[in-house]
Amino acid sequence: MFNKVLVANRGEIAVRIMRACRELGMNTVAVYSEADRTALHVRQADEAYLLGPAAARDSYLRGDKIIEIAQRSGAGAIHPGYGFLAERDDFAQAVEDAGLGFIGPRPSAIAAMGDKAVARATVTAAGVPVVPGTEGEGDLRDEDLLDLAPAIGFPLLIKATAGGGGKGMREVRSLEDMPALLESARREAEAAFGDGNVYLEKLIEGARHIEFQILADSQGNVIHLGERECSLQRRHQKLLEEAPSPFMNEELRVKMGEVACKAAQAVDYLNAGTIEFLVDKDENFYFLEMNTRLQVEHPVTELVTGIDIVKEQIRIARGRKLRYTQDDIHLNGWAIECRINAEDPYANFVPSTGVLNSVIPPSGPGVRVDTGVYAGFEISPYYDSLISKLICWGETRGETILRMRRALEEYRILGVKTNIPFHQNIMDSHRFIAGSFDTRFVEERFSMDTPEDEKEHLMTIAAVMATLVAHRQGQQAAQIVRRGKRDTSNWKWVSRWERMNR
Amino acid sequence: MKYIASVDDQSFEIEILQNNQLMVDGEVVQADFQSVSDQPVYTLLLNGESFEALVYPSEQGVQVLLRGRLFDFTVEDERQRRLRQSTGGAAMQSGEYQLRAPMPGLIVVVPVKEGQEIKSGDDLIILESMKMQNELKAPRDGTVSRIRVKSGDNVDQNQVLLTLT
Amino acid sequence: MFNKVLVANRGEIAVRIMRACRELGMNTVAVYSEADRTALHVRQADEAYLLGPAAARDSYLRGDKIIEIAQRSGAGAIHPGYGFLAERDDFAQAVEDAGLGFIGPRPSAIAAMGDKAVARATVTAAGVPVVPGTEGEGDLRDEDLLDLAPAIGFPLLIKATAGGGGKGMREVRSLEDMPALLESARREAEAAFGDGNVYLEKLIEGARHIEFQILADSQGNVIHLGERECSLQRRHQKLLEEAPSPFMNEELRVKMGEVACKAAQAVDYLNAGTIEFLVDKDENFYFLEMNTRLQVEHPVTELVTGIDIVKEQIRIARGRKLRYTQDDIHLNGWAIECRINAEDPYANFVPSTGVLNSVIPPSGPGVRVDTGVYAGFEISPYYDSLISKLICWGETRGETILRMRRALEEYRILGVKTNIPFHQNIMDSHRFIAGSFDTRFVEERFSMDTPEDEKEHLMTIAAVMATLVAHRQGQQAAQIVRRGKRDTSNWKWVSRWERMNR
Amino acid sequence: MKYIASVDDQSFEIEILQNNQLMVDGEVVQADFQSVSDQPVYTLLLNGESFEALVYPSEQGVQVLLRGRLFDFTVEDERQRRLRQSTGGAAMQSGEYQLRAPMPGLIVVVPVKEGQEIKSGDDLIILESMKMQNELKAPRDGTVSRIRVKSGDNVDQNQVLLTLT
């Protein structure tokens, strides 16, 4: 039985997993790239070993090196986190072949769910409904796809066979747009996954993206921990998740939960996983895919169920029986997660890099922050732009939204632009508050423009602040010219100003 | 000292008086304004109301991020305003515009050609960075006069990618 | 009904209360001293007004000014927090006389419980057991106290009649020590409270300090939220609290809880309050005092009951009926709070002041930080040394201790010395882990010395780090001398070193 | 370069070699040592083991706060060590000691008199600060040679309060 865990990841999720290990009394081994020597996951680990240069292919994707480090350091198991090697069945297999534990599903389950066509065929055979499309048909050429498209009907989606996270995905509204979109989808898929194959899928309009967290132990017990609402997305990237879903009712939850467990059982699933569904207005639901790993958004489920999913993962990997049956699972209160990304919500969400000059996280009752960064750390262009996850819990959805509002307002991150203002606008949006949104809401019906009624007063305040800063800048500049030298305080001011001007 | 702060189609006349007082659009208010921890975070008490904002310089003038709203102000004193009014304010629409890389990355595609006429909002460059494909769009109508990069190039932050006239 | 609350306090508790207000959709008014213009409670409030100079008597104790500001700003109620004006019945009365709501008990209850002699007589009449002593006898002269002492028996405690927080308290082991101790106790009480009266109380040896949180509404309903274990004290100042108490059993909890509610009812109590008991080895318990306000350590109760005590305080002050009956209260899991103070645990806990250069709070699952400071803020000598409260929750006491360990290790506060190492040593202490401690544990049986078994390895590591820092310092100094000028990197180093040397 | 780091009765011989290697008490180890965010926080990877500590200069030499343990090291190179050994190490016990205020505050009581002999650990001054009465104790045996403050005085940080010989 292992007592030392290597975490094959970086950022907030590596820190999250190490915290769970430490709280179970286990030792932790970090691996890191040259860009991450002083990253939080390295600082907090009991041991840390260099993988290679910053680029992921030279570091966090080097499965061979990671296994070698695990063996050398005496780690008995590897937790892959999400992304990087988490859904690579060959890596999971190599870990097992090396005599190490893989804290995740069996390689066969990763493989089955990783190939969308196989996944679709497998769950269909188990009686799980899927979205109409060509995924079961194997890798088709453009001509075939163009032939089959009208039968599925428009709008439809082009999706990458090896895909995930919105890469290589395109929406098609008519047959004549399709050839160009096929080309760009294949190009992006090829670049992202080394596999340009794509398939078609009916686009469910007004669809909600709802997923079920499941846990499965090695004794064959499978339970679900309820659903997460993940419809708030931009370019198929989730931005905000909540549990439970405001659309859910108990009857539908029981039905979908049973189907989710059935889908997991269809691939003899082990450990934590997520079944993603699309749900239409009439409560029809379709299997979308299974994520055979820990999800970014797992904390919302933790807060409403009281179950520490990462600790359960480790217990399951140690061969323990699940401590809960389905009847033990009760949802208490409401949780929302905002993904705080280094990106500019006022400039098309372009990523932002730089050193974090200052970080003041929100705190207090009902607030959880999962992060891998700190003031002084640099957000580099090598990895994704997730700075932290801000998760709030409240007795009701209303209380949670109010709490999230105050937490977002408290959060100060300086040095890079962040999407905190985006989340603040979401929390103020009447449609979000009413729970009436679907997967298209952010892109099609949401705007960062401030409603007129409250704009006036804030604009006056902002004008005062802008003027006072401009005034100070002018005064300081004038003093420098007059005195012909820079004293300390002027120097400070100017250097700060210059820094900001960069 | 009297300033005019403008954003979109609105402008505010703000005069800095003695004793921490301001005249805002004709009304005298008490202001206590301080920066926090040597960072571009400012706390303002205006007649007792407490506000905090991030205030940054921008191309326009001064950007204020206040309670999740961004305002991009031009702030001028009276002299500057008169100067600008005499030369005319349409300079932004004419002259050269240089598209710079907002972050380091890889040029995926350049979907325009030199000499091509484009409209405001058209894609000029697709730049891959931080695992995302980012569309760099035209800020105004114009003609692509020079392209300095090609697909596959690695570019640094602030590197000029393309010139628009 | 009020919708705007003035918070007559500073620091973490002012921030805590404002968060509750904000989450209830209420506006907040801060008051502040000249030392606190950029304090977090001012930054987070909707409105903020200056009280006066830094000294508390010129600012946070200026009840008249505070009431005037409440009226001027349109605040409908005042929350006093703890300390300052929280237990001043004349202030509570003045608030009510001004037509404002006081978020706390009625003035009569504050007065009854604030005079220890009256409190003792009142609860004794209600059948609540009290510690043997002279408290019911009125203000006695030294001669009388010396006469009565042998009947109570040694050891005994001299305590200030107007006291609290260990001020004016002295322990007496024999009659001959008593005159000198009486004099110093009276001097300290006079300085702290303007009242030099003292009384005697039997010292319960091996005593545990256990307190019950109660809530009482204006309809006469009184419930308790279980106990908090507060035996870990130094000089009668609490350092660490937990809920539940490791000494408690369900039978005793029911019995003590009923007595606690009875004590509250004896003074017609309203809002949140705490009954402190001493409990001896044989489960005999004695009423010690009632704190007629929110306690510093209220969060541990919040985490195990799921009840937001500050929000309940506000609801009660708005005239609402309690949302819970005693049967609704269930304790779930375990919570521990460590008070993080600016003080040096290696130098007799002497307070430490200065600017916080860097703060990295712990975060992640089960961790809550309540604080009023941030990086860049100055810990001044004017107020108490509490920087923050680190509160951890876990399913079991064991998990909570492990979580607290990792949270303490994650916590970085630079610029002042803190008692974090003290808490780390407590978390490693076998007696603490076993739950076998009493109110004398910290002072008499706890040491900051590292056990020999783990000392060796850590000492070697520390020697390496000390040497590498000394080496760098020497190298840098040598370079400066050689080059005759300071380049940027040297300058940085030297200035950092000089800053640290201050 | 070779150093001797001493604490209490233990000492460690540490030599800095090439290629990030150290010789620690005769054993060669790989060390990666970095400061974090321009603060006196240091991260050390020693043969892969990860440690983090606060490292401050102190009167003795260098203080290391590591996993809740404080170590107060004297670090000397060989030359310094020989110098010190030749002059003898008992200097600390003789000579003048000046008691300084560790923080600003109010003198409550001075429980000693000039000329009084005191023992290590005796109270010299009671200083009230941050709402606490703080006992400032004698660091060694000696005689109170001069008292510079009296009860009721307000003192600044680092102000000399009393001299011991």
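Chains here go by letter, A, B, C and D, matching the order in which they are written, and residues are numbered from 1 within each.
In this text, a contact is a pair of C-beta atoms (placed from the backbone, for glycine too) under 8 Å apart; a residue touches a chain by one contact, two chains touch by 3 or more.
Quantities reported herein were computed from a predicted structural model and do not represent experimental measurements.
Engineer: Trace the shortest sequence of touching chains from subunit B to subunit C and report its length in steps.
Structural biologist: Counted as steps through touching chains, the separation is 1.
Engineer: I want to compare two interfaces, A-B and A-D. Which one has more contacting C-beta pairs?
Structural biologist: Looking at contacts between chains, A-B has the larger number.
Engineer: I'd like to verify one number: the distance from the centre of subunit C to the centre of subunit D, where each centre is the average of its C-alpha atoms, in whole angstrom.
Structural biologist: 30
Engineer: What whole-Å value do you get for the distance between subunit B and subunit D if each is reduced to the mean of its CA atoms?
Structural biologist: Taking the average C-alpha coordinate of subunit B and of subunit D, the gap between them is 52 Å.
Engineer: Could you put a whole-Å number on the gap between the CA centroids of subunit A and subunit D?
Structural biologist: 48
Engineer: Indicate the residues of subunit C shared as contacts by at least two other chains.
Structural biologist: 44, 358, 374-376, 409
Engineer: In subunit B, what residues contact two or more other chains?
Structural biologist: In subunit B, 37-39, 49 touch at least two other chains.
Engineer: Contact residues on subunit C for subunit A in the complex?
Structural biologist: So the residues of subunit C touching subunit A come out as 15-16, 19-20, 22-25, 44, 299, 302, 306, 308, 332, 358, 360-361, 363-371, 374-376, 394, 399, 402-403, 405-406, 409-410.
Engineer: In the complex formed with subunit B, which residues of subunit A make contact?
Structural biologist: Within the complex, subunit A touches subunit B at residues 188, 191, 342, 346-348, 350-353, 357-358, 381-385, 408-409, 412, 414, 420-421, 423-425, 428, 448, 450, 455, 458-471, 473-474, 492, 496-497, 500-501.
Engineer: What residues on subunit B touch subunit C, complex-wise?
Structural biologist: Within the complex, subunit B contacts subunit C at residues 32, 34, 36-39, 43, 45, 48-50, 52.
Engineer: Enumerate the contact residues on subunit B facing subunit A in the complex.
Structural biologist: 1, 3, 5, 7, 10, 12, 14, 16, 22, 24-25, 31, 33, 37-42, 44, 46, 49, 51, 53-57, 61-71, 73, 75, 77, 102-105, 108, 128-135, 137, 157
Engineer: Please give the residue numbers of subunit A that touch subunit D in the complex, ascending.
Structural biologist: 30, 37-38, 42-49, 73, 374-377
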